[in-house]
């Protein structure tokens, strides 16, 4: 079912409740959800806000591939992932992943796979703005 | 912090949104949530509703121990678990676990540990009521 | 011979037909007590994977019971 | 010699000071092209962990470029 997998880049705040309720499914006994939140510190520096830049056409296409892989590997029933772009404040939800399945093993594994892959494969970049006025593109892979 | 861990048996429907919002924390970059939902089938039999019986005084005490263990093992920041008792209909949330932490590894591992332990250690029993009118206490361990 | 209060839960309550009963028995431990009560309530079956609590604390099947204890017998939990 | 459109993202856009630029270069592959453009924009640094897309498809660094391609250079993503 095409509608069982959905990946979106969103310029506006994520409506967390509607993510979960859109996945409600009587066939599923398990629901796993992960969220990345903007935290007030990174590697010892006080963070004031974050900025995400996404190249949306490709991020959404590659994001959907990740969901399809998770469904093929773990047999999850439905999955939804929304990643923010733009300016985010402390505590804001930067990314949410919701996964349903018959049992909890698949839900946990699928949810973990999606967020892990999303973090390394999608054309989405994070810039941290610090309390001291500086800012920096974050890049943990080099 | 005592208030950072909370385990409850609830006779009334779980307010999922308030679970998540009560865990909001600027120090945390990761939030993992798991829910068990009442599904319409179990081992091939059509399920119509579920009944949970809990021995609340002990379930809440032992449940809190599980949360403390997860915090000690994985360094999670906060954790909340609510398990239903009483009659549940299809699609109802039977149990929710919410965990926050600095990074996602701890949040996933802590969330998984809590639900796995809760399923085997707490004095909570499940009775399935089937579409054909029969009912049965569920016991996967024998 | 000890006197204890026994409480049955879930499937055990349905197997015994009672929620609670005072028991006098020649039982040193919860394990002894369960085995004796199984003669009275044959529908109980084995205590594999069952749990026991004494005075609202999870307990070992081999602890020593004392007069006046409340012994809670918990059938195996769902696990799934 | 090929003619392509190059687009820079995030840290690369800041390093080059441009969002997009037409490029004529003697480059067979995205890897060649990046190395040539690094001479023009020394702040780019190495392309370790960088990604490339051609015409909106993720691409290998060693595919053959054609006239008119749009080449997107993606700096390493945050990973965390």
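Letters A, B, C and D name the chains as they come in the text, with residue numbers starting at 1 for each one.
By definition in this document, contacts are C-beta pairs under 8 Å (C-beta built on N, C-alpha and C of every residue); 3 or more make two chains touch, one makes a residue touch a chain.
Worth saying up front: this structure is predicted, and the values here are computed from it rather than measured.
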Contacts common to chain B and chain D (chain labels): A
Intercentroid distance (Cα basis), chain C paired with chain B, Å: 26
Whole-Å gap between the CA centroids of chain A and chain B: 23
Distance from the mean Cα position of chain C to that of chain A, given in whole angstrom: 49
Residues within chain A bordering two or more other chains: none
Numbers and ranges of chain D residues touching at least 2 other chains: 80
Touching pairs - complete list by chain label: A-B, A-D, B-C
List of chain D residues in touch with chain A within their complex: 9-11, 14, 46, 48-49, 51, 53, 56-58, 72, 74-80
Chain B - residues contacting chain C, complex: 53, 55, 57-58, 61-62, 119-127, 137-142
Chain A partner contacts - residues on chain B that touch it in the complex: 16-17, 20, 24-41, 90-91, 100, 102, 104, 107-108, 111-112, 115
